[in-house]
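Note that subunit A is present in both complexes that follow, paired respectively with subunit B and with subunit C.
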Partner chain A sequence: MLAQLVVTGVLVGSVYSLVAVGLTLVWGLMDIINFAHGDFMMISMYTVFWLYALLKWDPLVSLPIAALVAAMIGLLTYRLVIKRVLNAPGLMALLATFGLSLFIRNFAQFLWSPNYRFVGESILSGKRLVISDVIVGIPQLVAALGSIGMTFAVALFIKKTKFGKAVQATAQSREIAELMGVDTEKVYMFTFALSGICVGVAGTLLSGIFPVYPESGAMYGLLAFVIVALGGFGNIWGAFYAGIMIGLAETIGGFYLGTQFKYAIAFLIYLLVLQFRPKGLFGW
Partner chain B sequence: MKKTPLLVILAILLILPLVVKDVNFQHVMLMMLIFAGLGEAWNIITGFAGQTSFGHAAFFGIGAYTSTVLFYKFNVSPWIGMILGALFAGVVAFLVSYPCFRLKGHYFAIATLAVAEIVKQLFVSWDYVEGATGISIPVVADSFWAMQFHRSKIPYVLIAYGLFVFVLFVAIAIERNKMGYYLKAIRESHEAAEALGINTARYKLLAMIVSSMLTALFGTLYAQYILYIDPFMVFGLEVSMKIVLLTVLGGLGSIYGPIIGAAILIPLSEYTRTLLGGTGKGIDLMIYGILIVIVVVFEPRGILGLLRKRSRRRINYGKSTA
Partner chain C sequence: MKKLLAVLVVLLSLVVLAQEVIKIGAIFPLTGAAAATGVKIKYAVEVAQEIINGVYPEINLALAKSAGLPNLNGAKVQFVFADHQGNPELAMAEAERLIRNEKVVALIGCYQSSCTKPASQIAEKYGIPFVAGSSSSAALTERGLKWFFRIAPHDGMETVFFFNYLRYLNEKYNANIKRVAVVYIDNEYGVHAALMVKEKIKDFPEFSLVADVKYPVSATNVDIEVQKIKAAKPDAIFHASYIGDMTMFVKKYKEFNVVPKVVLSYCGGYQDPQFVVNLGKDADYFAGTNATTPALFAKMPILSKINEMYKAKSGVDIDGPTLEDFASALVIAEAINIAGTTEPEKILEVLKTHTFEAPYFVSEKIQFGSDGQNIYSASVMTQIFNGVYEAVWPEQYQTHEPVPQFPDWKKR
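So, the complex of A and B:
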C-alpha cells in the first residue's frame, strides 16, 4: 500500500512542481506574486478541452497550442498590467494580479458556465500499468514525466543559455544587469511568457485527468505558492523537490488521516519545515 | 494627524445611512463599515509592523463561529459570544505567531495563508459545527441582546459603526503610542529596531493579538447580520484578500487607507453584485476584478499616494523637513 501511495504522491507532486516552477520564475525574478497563475492554467485546460470537443484533437496534440495560449496570456499580463506596477510600492502588484485572477476566472464562467467538462477519449485514457501490486495510470505517468521533462528543460534553459544568464543577472540586480547591456524589459516579458508555458504544459497534461471548470486552476495556484516558498523563492530545483514533497505529504497524509485533510496536511508540512529552514529548503 | 478630516468622515459615515432610506444603500454602508474596520485591524500588523498577513480570514471566521455556536447550541447572547470570540482569536493568534514570526517577508505571508487554509479545512470536516454545510442561525424576535433586527438595518449599521469607531481608535491609540513607533521601526528595519533595544518579538506578538481580536469582533456581527455561516464564506481566501485589497488600495499603514479603500471597493463589489449578480454568470465579479486591475494600473501608489502627491507642497509647509 505504501508503495502505491508513494508512487501516486510522486506523480501528483511532479505536476505541482511544474506549476510551481512557472510561479517561482516570476517571483524570484521580479518579486511579483502572481495570483492569477492558476487561472492561466485553467485557460490552457479549456483550450485543450475545446480543441478536443470541436476538432477531436488529442490533448497531446494540442499541447503546443495550449502552451502558446498560456504564454500569450502571460505576455499580455506583463505588458498590460505588471509592467505598470513593477515599481509600485509593496503589495500593489499583488492587488493587480488578484483582480486579474477574479476577472479571468469569472470570464471563463461567463463564457463556459461553471459546469465540469471532461476530455473524454484520448490516446492515453483508461490505460494503466501494473507493476506487482502498484497500479499506475498512464495519463498520470505521462503527466508526471512531461512535467519532470519540462522542469528539466526550464532549469537547463535558465542555466545554460544566454537568455537564461540574463534572467539570472536581472534577478540579482536589475541595475547592474542593465549596465551590462541586458534588456531587462525583454527579460521580464519573456520570463512571464515562459512562466505561462510551464503552467500551460501542466494544464494540458492535467486536462485528461482532471475536470475542466473555471476554478480548476485555483487549488493548484494556491499550492504553488506554498511550494515556491517551501523550495525557496526563485529556486527552480527547490520548487521541484518541494512539489514532490507536497505531493507525497498530501497523498500519504490524506490516506492515513482522511482525504478531506490532504491540503491541510500539505500546509502543515510547510509550517513545520520552515521552522528549520526559514528561507525554504533551498533558499539562501 | 489633524483631527478635523477624520471627524468629518466619521460624521458622514454615521449620518448617511441614517438619512438615506434605501435599504440597498444601508446594506452597502454596513458592509463598508465592516470592511473598513477589518482593514484598520489588519493595518496594525501589516501596515504598522510590516508583517503581511494573508490569513486574517482565520480570525474573522473564529469570531463568527464562536458566537454562532454559542448562540445556536447554548442560546448565549452574541454579545458575550463576540467577546469570547475575540479572546479565542487572540489565543489562536498567540499560538500561531510563534511558528509564523520565525519567517520573514513572503515566507511569513504564505505561512499566514497556510494557517488560514488549515483552519478552514478543519472547520469543513468538523461535525460539531456542521462541517461544510454551515450553520443557519436561528431567527428570533428583534432584540439587542440577540443581536437580531429584522425590521430595519439601522441597528446593524449602528453596531457596525460602533465597532468601526472602536477599532479606529485602538489603531490611532497604537499609532500615537510608543508601540506605534516601535512597530514602524520594526517595519523599516528589523535589525535596526532590535539594535535599538526594542523587543521586536514582544511587540509583533502584541500587534498580532490585538489585530486578530479586533478582526474577530466583525465576524460575530457579520454572522448575526447574514444569519448563516459556512467555512468557505468566513474562512475563505476571498475574505483575507478583500481586507488586503482595500487597505493596500486605500493606503497601507495609514489610518485613512482602509476607509478610502473600503469606500471604493465595497460599493463597487456590492453594486456590481446586485446589478449583475443575478445572472449566475459571474459578470459581477468579472467587472469587479477588471476594475481593481484598472484602478491599480492607473494609480500604482494607492489612492492615498495620489492624494498625498497632490497636496505635498501644502504638507511640507506645515512640517519642517525631517
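So, the complex of A and C:
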C-alpha cells in the first residue's frame, strides 16, 4: 500500500509543482501575489473542454492552444492590471489580483454556467498501468510527466537563455538591470505570459482528471501559494520539490491520519517551515 | 362629489390590494462550488412563481387555477433570491437582509444544510416561517425550532431507506450484502449522514460498517479516499457527495477497479442529471434515493407538465432536490393563501396543521410533524440504466428491476 501511496503522491505533487512554478516566477520577479493564478488555469481547462465539446479535439491536441490562451491572459493581466499597480503599495496589487480573480470566476459562470463538466473520452481516458499491486492511471501519469518536463524546460529557459538571464537580473535589482540595458517592462510582461503558459499546460493536463467549473482553479491556486512559500519565492526547483513534498504529505499523511486532514497536513507543514525558515526550504 | 371621491378611494385601494406583492426570500448557492445545483433550483422556484401568479387550469394544483393568491385578493408572490455562495455566514447575513430590508414574510432555502442551519436560526429570531426544500441533514429538525419546516426526507430517514433496500436485495435477489462503507464530504450534510449510518446500522445487525471515509470540501483529487475504500472491500458504499466530487470518485473507482455490489447516494451529486452527462456509460448501475426521475413522468401527468415548464428554462429534466425546493415554494405560498394573511403566527398554524396536496411527489402529499419534518417521504430508490434514472424500489413504483450486483468495469 505504501508504494501505491508514494506513486500517487508523486503524481499529484508533480501537477501541483507546475501550477506553483508559474506563480513563483511572478512572485520572485515582481513581489506580486497573483490571486488570479488558479483562475488562469480554469480558463485553460475551459479552452480544452470547449475544443473537445465543439470540435472533438483531444486535450493533448489542444494543449498548445490552451497554453497560448493562458499566456495571452497573462499578458493582458500585466498590461491592464499589474502595470498600473506595480509601483503602488503592495496591498494595491494584492487587491487588484483578488478583484481580477473574482471577475474571472463570475464571468466564467456567466458565460458557461456553474455546471461541472468533464472531458469525456480522450486518447488516454480509462487507460492504466498495473505494476504488481500498484495502479497508475495513464492520464495522471501523463499529467505528471508533462508537468515535470515543463518545469525542467522553464528552469532551463531561465538559466540558459538571454531572456532568462534578464529575468534573473531584474529579479535581483530592477534598477541595475535597466542600467545594464535590460528592458524590464518586456521582462515583466513575458514573465507573466510564461507564468500563464505553465498554468495553461497544468490546466490542460488536469482537464481529463478534474472537473471543469468556474471554481476549478481555486484550490490549486491556494495550494500553489503554500508550495511557493515552502519552496522559496522565485525558486523554480524549490517549487518543484515543495510540490512533490506536499503531494506526498497529502497522500501518505491523509491515508494514515484521516483523509479529511490531507490539506490540513499540507498547511501544517507550511506553517512549521515558515516558523523555522521564513524564506522557504530552498529560498535564499 | 365627496361620495364620488370616497368611491374612487375605495376602488383605488382595492386595486392596490389586488396588486399587492408578497415577498418570500429564497436563499440558494447561486455562485460558488454548489452553484450548478443552486441555479437549477432557482429555475424551479421561478416555475413555482409562474404557476402561482399565472393561470394554469391544466395543472391540478391549488394555486394554479387562478392568478395570484385568491384569499389575498389575487396578490402576486415574488421570490426574492439571495446567493449564499455555500458560505454559512453569508447565508445568515442574507437571511437577515431579506427579512429586515426586503421585508420578506417567509424564507425558503438553502440546499446545503450547512447554510440552511444558520439561515433558519435567523428566521427563528425574527419569528417568520422557514420552509427548507432539499436540505437533508437530520440535525435541522432536531433543534426544536418553532418556525422551521423541511420537505425532503432527512438523512436519518434516507439511511433507514438504504438499509431496508439492502435487506430487500438480500432477500429477493440473494445479493449477500454485508459490508458497508460510508464516504462523505466534510460538511454538515456529509458528517450528519455518516452519523446516521453509525446510529441506524444498530437496527440492522446483518450489516457491518467496514470503512468511514471523510474527504475535504474542494478536494483536488480523491485517490487516497478510493484506496481506503478499496482496502476495506465493502459490498455497499453509501455516498454523501456533490456532483463534482461524486464524478471524481466514479472515475477513480474505475481506475482502481473498485467493484462493490451497490453504491447508494444520498440527496446530492448523483441526483444531478449532469452525473450521467459527465460519465456516460460509467454512470450506469449507481443508485440512490430521489424525489423524482424522468422515468416516472409518464405515470405522473402533473409532474410531467411541471417538468415541461422547468425544462424550457433550464434545458434539463427536473431532478429530486430541485423538485423538493420547487415544493417548498408552493407550500409556503399555499400556507399564506390558506392563512389569508401574511401574519406569521397564522401562517405557522397552517403549516403545522394542514396537509398539502403534492401530486408531483410519489407520496402525493406533504404534512409536517411536530418537529417540522414532512412525515411523508417523497423518495423512491433509483438506479441508472443506459443513462436513465429508473425507479427500482419500492416495488409499486418500479419502472425497472434493480441490478443488485455491480458488473466488473471491464465487462461494461
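By definition in this document, the second predicted complex is superposed on the first by the 282 of 284 C-alpha atoms of A that agree within 3 Å, B and C clash if a C-alpha of one lies under 4 Å from a C-alpha of the other, contacts with A are read in each partner's own complex, and residues count from 1 in each chain.
In the analysis below, contacts are C-beta pairs under 8 Å (C-beta built on N, C-alpha and C of every residue); 3 or more make two chains touch, one makes a residue touch a chain.
Keep in mind that this is a model prediction, so the values were computed, not measured.
Participant: With both structures lined up on subunit A, is it a clash or a fit for subunit B and subunit C?
Facilitator: Aligned through their shared chain, the two binders clash on subunit A.
Participant: When the two structures are overlaid on chain A, which partner does A:Tyr116 contact: first (subunit B), second (subunit C), both, or neither?
Facilitator: Once the two structures are laid over each other on A, A:Tyr116 reaches subunit C alone.
Participant: So, does A:Gln260 touch the first partner subunit B, the second partner subunit C, both, or neither?
Facilitator: It touches subunit B and subunit C both.
Participant: So in the superposed three-chain picture, is A:Val81 touching just subunit B, just subunit C, both, or none of them (first/second/both/neither)?
Facilitator: A:Val81 sits against subunit B, while subunit C stays out of touch.
Participant: Going by the contact rule set out at the top, does A:Tyr213 touch subunit B (first), subunit C (second), both, or neither?
Facilitator: Second partner only, subunit C.
Participant: Does the superposition put A:Ser17 against subunit B (first), subunit C (second), both, or neither?
Facilitator: Touch partners of A:Ser17: none, neither subunit B nor subunit C.
Participant: For A:Ser147 in the superposed arrangement: first (subunit B), second (subunit C), both or neither?
Facilitator: Touch status of A:Ser147: no partner.
Participant: Is A:Thr170 touching the first partner subunit B, the second partner subunit C, both, or neither of them?
Facilitator: Touch status of A:Thr170: no partner.
Participant: Counting residues of subunit A in contact, which comes out ahead: subunit B or subunit C?
Facilitator: Here the partner covering more residues of subunit A is B.
Participant: Look at A:Leu271 in the shared chain and tell me whether it touches subunit B only, subunit C only, both, or neither; answer first, second, both or neither.
Facilitator: first
Participant: Would you check which partner chain A:Thr8 touches, where first means subunit B only, second means subunit C only, and both and neither mean what they say?
Facilitator: After superposition on chain A, A:Thr8 lies in contact with subunit C alone.
Participant: Which residues form the common part of the subunit A surface touched by subunit B and by subunit C?
Facilitator: On subunit A, the overlap between the subunit B and subunit C contacts is residues 105-106, 109, 113-114, 214, 258, 260, 263.
Participant: Touching subunit A in the complex: which residues of subunit B?
Facilitator: Listed in rising order, the residues are 52, 99-100, 102-104, 106-107, 110-111, 113-115, 117-118, 121-122, 124-125, 237, 241, 244-245, 248-249, 252, 281-286, 288-293, 296-297, 300-302, 305.
Participant: Where on subunit A does subunit B make contact in their complex?
Facilitator: 27, 33, 35, 80-81, 84-85, 87-92, 94-96, 98-107, 109-110, 113-114, 214, 222, 225-226, 228-229, 233, 258, 260-261, 263-264, 267-268, 270-271, 274-275, 278-280
Participant: Of all residues in subunit C, which touch subunit A in the complex?
Facilitator: Checking each residue of subunit C against subunit A gives 31-33, 35-36, 38-39, 186, 213-216, 218-221, 223-225, 227-228, 231, 243-244, 247-248, 251, 254-257, 274, 278-280.
Participant: Within the complex, which stretch of subunit A touches subunit C?
Facilitator: Where subunit A meets subunit C, its residues are 1, 4-5, 8, 12, 105-106, 109, 113-118, 120-121, 126, 128, 135, 137, 209-211, 213-215, 218-220, 223, 250-251, 254-255, 258-260, 262-263.
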